[in-house]
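Next come two complexes, and both contain chain A; in the first it sits with chain B, in the second with chain C.
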Partner chain A sequence: MADTISQIRAAFHRKSYLFFLGPSLIIMGSLTLYPMVYGIKLSLTRYNLVRPWIPKTFVGLKNFTDFFSDEYLVKSLWVTFKFAMGTVALQVFIGLLVALVLHQILKKTSLLRFMVLLPMLIVPVVTGIIWRLILNDTYGVLNWIIQWLGIAPQLWLGPDLALITVIIVETWAWLPFSILLFSLGLSSIPEQYYEAAAIDGAGPWRTFFTITLPNLRWTLFIVLVFKFSDALKAFDTIYTLTGGGPGIATRALALYVQNRGFTDFEIGYAMALSILVLTISFIIIGPFISRLDKQYE
Partner chain B sequence: MAQVKLNNVVKNYGNVKVVHGADLLIDDSEFIVLVGPSGCGKSTILRMIAGLETISGGEIVIGDQVVNRVSPKDRNVAMVFQNYALYPHMTVRENMAFGLKMAKEPRDIIEKKVNQAAATLELGPYLDRKPAALSGGQRQRVAMGRAIVRQPDVFLFDEPLSNLDAQLRTQMRMELKKLHLQFKTTTIYVTHDQIEAMTLADRIVILKDGYIQQVGSPIEVFERPANVFVAQFIGNPPMNIIKGKCTRVNGAMTLVAGDLSLQLPEDKYQDIAEGKSVLIGIRPDGIKVRDVEHRIREEWRKEATVNVAEILGGQSLLELNISNNRFIAEVEGRMKLHPGDKVTVGFELDRVVLFDPETTEAIA
Partner chain C sequence: MNRSRRLSTKLIYAFILTVFLVWSLFPLFWLAITALRPNLGPLQMGNPFVFSPSLDNFCSVLSGKNLLPYFLNSLIIGLVATFLSLFFGVLAAYGLARFNFRGRRLALQWILSIRLLPPIGFVVPLFIMFKALNMLDTPATLIIVYTAFLLPFSIWMLTTTIQEIPKESEEAALLDGNNHFQVLIKIVLPSLWPAMAAVALLNIVAAWNEFLFALVFTSKKAVTLPVAITAFLGDRGVYWGEISAAALLTAIVPVLLLLLVHKQLYRGFGHWGVK
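Presenting the complex of A and B:
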C-alpha cells in the first residue's frame, strides 16, 4: 500500500511540470494556435461572410495561386515595402540620433525623456485623427504654418504626398519605442569603454563607430525585428489617416487584407493573404531572430 | 618614462571637495601606490592624471608638460581599468592594437609590438579570441598588454586585481612586479588592498578623505606611521594603540598605561615632556612570545594572560591581557595556547611609536 502511494507520489512529481506549463499552454493554444490553424483551414476554402447559407467550399491552393494574377496585391506589396523601408529607416536613424543626444547631453533630464516618450502612449487611432486635423488642406495647422512662411499649401494626404505623410506620422508615433530601446542600449555600454577609447586616442566619430555602434548591434537587431514586423502589419495609423487612399496610394498589405475580408467579404482569400503576410514576416525577421538566439547561446 | 608632479591638486564636485590640495612628486620609473579606504580620493587623483576628470585647482605635470588642459590621448599614459574595459566585439589582437592604430602606427610595427607584448604576457595562443572566451586572469593580462604595447610614459592602474580571486591576485601581483622591473615605466597604482600596496610599491601614498596622510616606502609607513590612521590602516592586524602617559621612573623615561609600565629605549623619546599623555603604538609582530629571554631585554618582558588564540597556519594571533591592557600579538608558528593560559611576552620597544592624543599625529 505504502509502495503504491509512493509510486503515485513519484508519478505526480514527474508530471508536476504540467501544472506549471498547463495554463500558458491552454492560453497559447486557444488564443494563438487554434486561430492560426483555423485560419489556414479557411485559406483553403471559398467562404463568403455575407452569404453564410452558401457552404464553405474546399478550393485547395486556389486562393494562393490567385496571388499571381492579383495586380492589387502587387501594388499593396509595393506600398508595404516602401512604407516598411521608410518607417524602419527613419525610426532607426532618428531614434538613434535622439537617444544619443539624450544620453550625451541630457543624462539627468528624465522629464524630457518622458516627454519624448509621450507619442507612444497615445492610442494609434487618436494619433491618426489628430494628424488628420493637423494635415487638413483647408483648415489644418500645418498648411497655415507653411503659408505663413510663404510656401504654398500642400495636399498632404493627396496622391503625391499621402504615403510620405503616412510614413512620417507612423515614425512620429513610434519613434519613442526606438528611442527607448536605444537609450537602454546606450546606458548598458560601460563608461570605461569610452574612457579607454579616449586614452587610446579615438575621436568622437571613431568612438561612435568602434565603441557605440558595435555595442548597440543587438539593440539594433531588436529594433529592426520589432519595426519590420510592425511595418508589415501596419494598419491603424494608415486606416485612420487615409483609409488606404487616395485610391489605393497607401493601401498597405494589412489594409488590403481587411478590404478583401470585410469589404469584399472573401474570407478565404483574406486568410490566404494573412498567411502571405506571416510568411513574409518570417522571411525578413527570421534571420534576425536566429542571430539574436546565437547571441544568447 | 617620465616624472609626474602634482602641485596642490584640488578636485571639487559642485560644493563637495574630494581632493584637498594634493602635492606629490613621482620619480621617473617609480612604482607608486595610492591606497586608502573607499571615498578617499585615490581613484579621482588617478583619473585626473589620466585626463578622465577635470582638475578644479592646482596643476599636474607629466614630464615637463603641464597637462591640466591636455586631452587623455595626448598625455601618453596608458590605463588598466578595474573591469579591464576590453572592447567585447574585438579580438585580443584587435584590443591590443587599437591604441597603436589610433596613433597611426604602420601595420607591421603594430603587428610586431602586439606579438612582443603577447609573448611577454603569454597571450600568444589567445590572440584571435574575443574577451568573452577568456578567463579573468587572461583578460587582466590583455588589459595589461593593451597598456604595454603603447610604450607610454606612465602606466595607470585602477584597482586592476580586485576582480580576481585571492590565488590569481597573488600570481598577477608578482607578474605586475616583474613587468615593472622589465619595463621600468613610471607606474601609479590605485588599490584599497594594503597587501598589494606593501608588496608592489616603491613608495606608498596613503589617503583619507581627500588628504594625503603619508608618503613613504612600505617599511617606512609600516614602522613609522605619520598618524594613528596610517598606523591602523597599514598592517593586518592593525597596530595596537593604547592610551598612556610618559613618566620618569628612576631617571628613565617610562610609558605607563594602567598597571603596565615600560621603560623607553635610551635613544627614543627622551626629550618628551614628563607627564604628557600619549597614544602608544605597538605592532602586533612587535610583541614576542617565543624565546623571549634571549630576544627581549628584561625590563620589556611582561606577564600576559591569553584571551583568544587563533592559528592562521604559519602564524598565530593572540589576544592578550597585559596588565589590564588589551593587545593583539602576531607570533610565528602554531602556538597551542588556550584562553586563560599565562605567558611571558616581550615588547620590541625600540619599534614603539607614540602619537599625540589630540592631533593623532606621530610625536617626533
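Presenting the complex of A and C:
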C-alpha cells in the first residue's frame, strides 16, 4: 500500500509536466521573451523605417542618454504621472464609497450590479467616441445642459481642461473595476467582526476605520497596483478622445512610444522608450507579483 | 430617533446609488440617442432630446461594405484566438496545478507579469518581427498575438480552478493505469466546463475590444472593428449618427456575451480584471 502511494507521488513528479506546459511557454516566450531580447538589440541602434537609405547603425547607449534631453519625454512622463494620480485618487475614493453603499443594499449577483459594471465592458475605443459626442464644444450635450442651467459652455477638450477630462473619462470607464474589487473585499470580511464591534458600541465611523479598512488592505494594494500600471497602458480611450492633444497636452507614455515608433518610425528610439516603460511597470508590479503567487503555492 | 436615522441613511444610500447610475448609464443612453437621430446634419442646435427616431444610421452602416468585412475579421480573429488560448491554457493549467517542479514559481511569476506589463512595451519589436516575416496585415498575426496575450489570464484562472478540485479521484484514475492526459480529459475536464466557458467569454471580449496591436499590425485586409471605427472618425468627422450606430453595434456584442455569465463575472474579474 505504501508502495502504491509513493507510485502516485512519483507520477505527479515526473517530467510529463513539460508536455502540458510546453506549448504555452513556447507561444508566450516567442511573443514576449524573444522580442525583448531582439528589442534590446534594436534599442542600441539608429534605425529609421522611412529612411531606408540610412543604414541601421549601432549607436551604443545613445538612445538612452537622449532621454535626458528629450523635452517631449519629460512632458509625457509628467502627463502620465498626473493621469495616474488623478485616476487612482478618484477610483479609490469613489470606488470604495459606491462599493460600501452597494454592499449595504444589494444582493451579490443582482442585475443592477451588472449595470454598474457596464462602462468597463464597453469597447475602450467606443468610450472615447461616446465622450467626444457628449463633450463636443459646439453641439455636445454637456454644453447644451450647462447652458440651459445658465453656465457658460466650456472647451472640455481644450488645452486647459483636456487632461482633467481624460482622467474623468478613464474613471467613468474603470470605476466599476475598483467597485468590483472593493465589493469582493467587503464580502470577504466575516460578519462576526461587525457583530463584535456593535457589542462594543462602536459607531459607524469607528467600525469603518477599525474593521472595514484594515481588512481591505490587500484589496487596496491590488487596486493601487492595477491603477498605477494601467496608467502606463492608457492608450485606446485617449487615442480616440484627444489623440494625445491638443498639442501634446494628453500624450501619455504609451501614446508617445506609439508616435515615435509608428508616426516618426524612429524604431531604435521607440524601442529604448519601450524598455523604459517596461522598467517602470516592473517596479510597480514587482512587489505584487512576488506576493500574489505565494497564495497559490 | 433610531428609526428616522435609519431612514435618512437609506435616503443617502439611494441618492448615491442614483447619482452613480445616472453617471454610468447616461453616456450609453446618449450614444443610443445619437444613433437613432435622423441625419439632419450635426450642427443642428436646439433641444437635443427632441427628435423623431429612425433606424437610417443603422441601415447605412450595415448596408454595403461599410462594416461587414471588419465585423468578420473581429469575429474570426476573436474566436480562433479564444479557442487556442483555451486549448493551450487548459493543458498548461493542469501542468501547473497538478505537478510540482523546479521553476514552477518562476513560471507563475512570468505568466503573471505578461498579464500586467503594458502591451506597448512589446509592440515595436513585434512589429519589426512580423514585418521581417512578411506577416503584417494578416489575420494570422493578430490571432497569434492575441493567443499569446490571452494565455496568461486563461492559465491563471484555470490553474486556480483546478487547484480547488479535490484530487483523490484523479489519483485513483492514475492508479488504474490511466496517464495524465486521460485523467485530464476524463476527470478534470467535466468539472472544468463552467470555468472554461467564463474564461472563453472574457477572452473573446478582450480580443474584440483590443485596439493597440490591431492598430499597429493591420492596415487594410485584417483591420478589426475598433480600428475601423476610429478610421470612420477621421473620414467622416461630421457623420455622428453613423459613427454612433457603428459604435453601438460594436459595443453591444461584449455586453450581450457577458450578460450570459454576469453571475460569474464578479469572481472572474476579481482575480484580475479583464483589461
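To be clear about the criterion, the second predicted complex is superposed on the first by the 264 of 297 C-alpha atoms of A that agree within 3 Å, B and C clash if a C-alpha of one lies under 4 Å from a C-alpha of the other, contacts with A are read in each partner's own complex, and residues count from 1 in each chain.
Here is the rule we go by: a residue touches a chain if its C-beta (ideal position, glycine included) is under 8 Å from a C-beta of that chain, and two chains touch if they have at least 3 such contacts.
As the structure is a computational prediction, the values presented were derived from the model and not from experiment.
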Inset, instruction - With the two complexes superposed on chain A, say which partner A:192 touches: chain B (first), chain C (second), both, or neither. - result: first
Legend entry - First, second, both or neither for A:80, with chain B first and chain C second: neither
Inset, instruction - Based on the superposed arrangement, let me know which partner A:250 touches: chain B (first), chain C (second), both, or neither? - result: neither
Inset, instruction - Kindly classify A:143 by the partners it touches after superposition: chain B alone (first), chain C alone (second), both, or neither? - result: neither
Inset, instruction - Check the residue A:131 against both partner chains and state whether it touches chain B (first), chain C (second), both, or neither. - result: second
Legend entry - Greater chain A contact set [chain C / chain B]: C
Inset, instruction - Applying the touch criterion given at the start, work out whether A:235 contacts chain B, chain C, both or neither, answering first, second, both or neither. - result: second
Inset, instruction - Examine A:63 and indicate which partner it touches, taking first as chain B and second as chain C; both and neither are also allowed. - result: neither
Inset, instruction - Mind working out whether A:115 is in touch with chain B, chain C, both or neither, as first, second, both or neither? - result: second
Legend entry - Shared chain A contacts, counted only where both chain B and chain C touch the same residue: none
Inset, instruction - Report the residues of chain A in contact with chain C in the complex, numbered from low to high. - result: 4, 7-8, 11-13, 15-21, 23-25, 27-28, 30-32, 34-36, 38-39, 42, 97-98, 101-102, 104-105, 108-109, 111, 113-126, 129-134, 138-139, 141, 144, 172, 175-177, 180-181, 183-184, 225-226, 229-230, 232-233, 235-236, 239-240, 253-254, 257-258, 261-262, 267, 270-271, 274-275, 277-278, 281-282, 285, 288-290, 292-293, 296-297
Legend entry - Partner chain B, residues of chain A touching it in the complex: 190, 192-193, 195-202, 206, 210-211, 214-215, 217
Legend entry - Residue ranges of chain C touching chain A (in the complex, touch as defined): 13, 16-17, 20-21, 23-25, 27-28, 30-31, 34, 42-45, 47-48, 88-89, 91-92, 94-96, 98-101, 105, 107-114, 116-129, 144-145, 147-149, 151-152, 155, 159-160, 163, 171, 174-175, 179-181, 184, 205, 208-209, 211-212, 215-216, 225-226, 229-230, 233, 240, 243-244, 247-248, 250-251, 254-255, 258-259, 262-263, 265-266, 269-270, 273-275
Legend entry - Contact set on chain B toward chain A in their complex: 50-52, 71-73, 77-79, 81-83, 85, 87-89, 98-99, 102-103, 146, 150
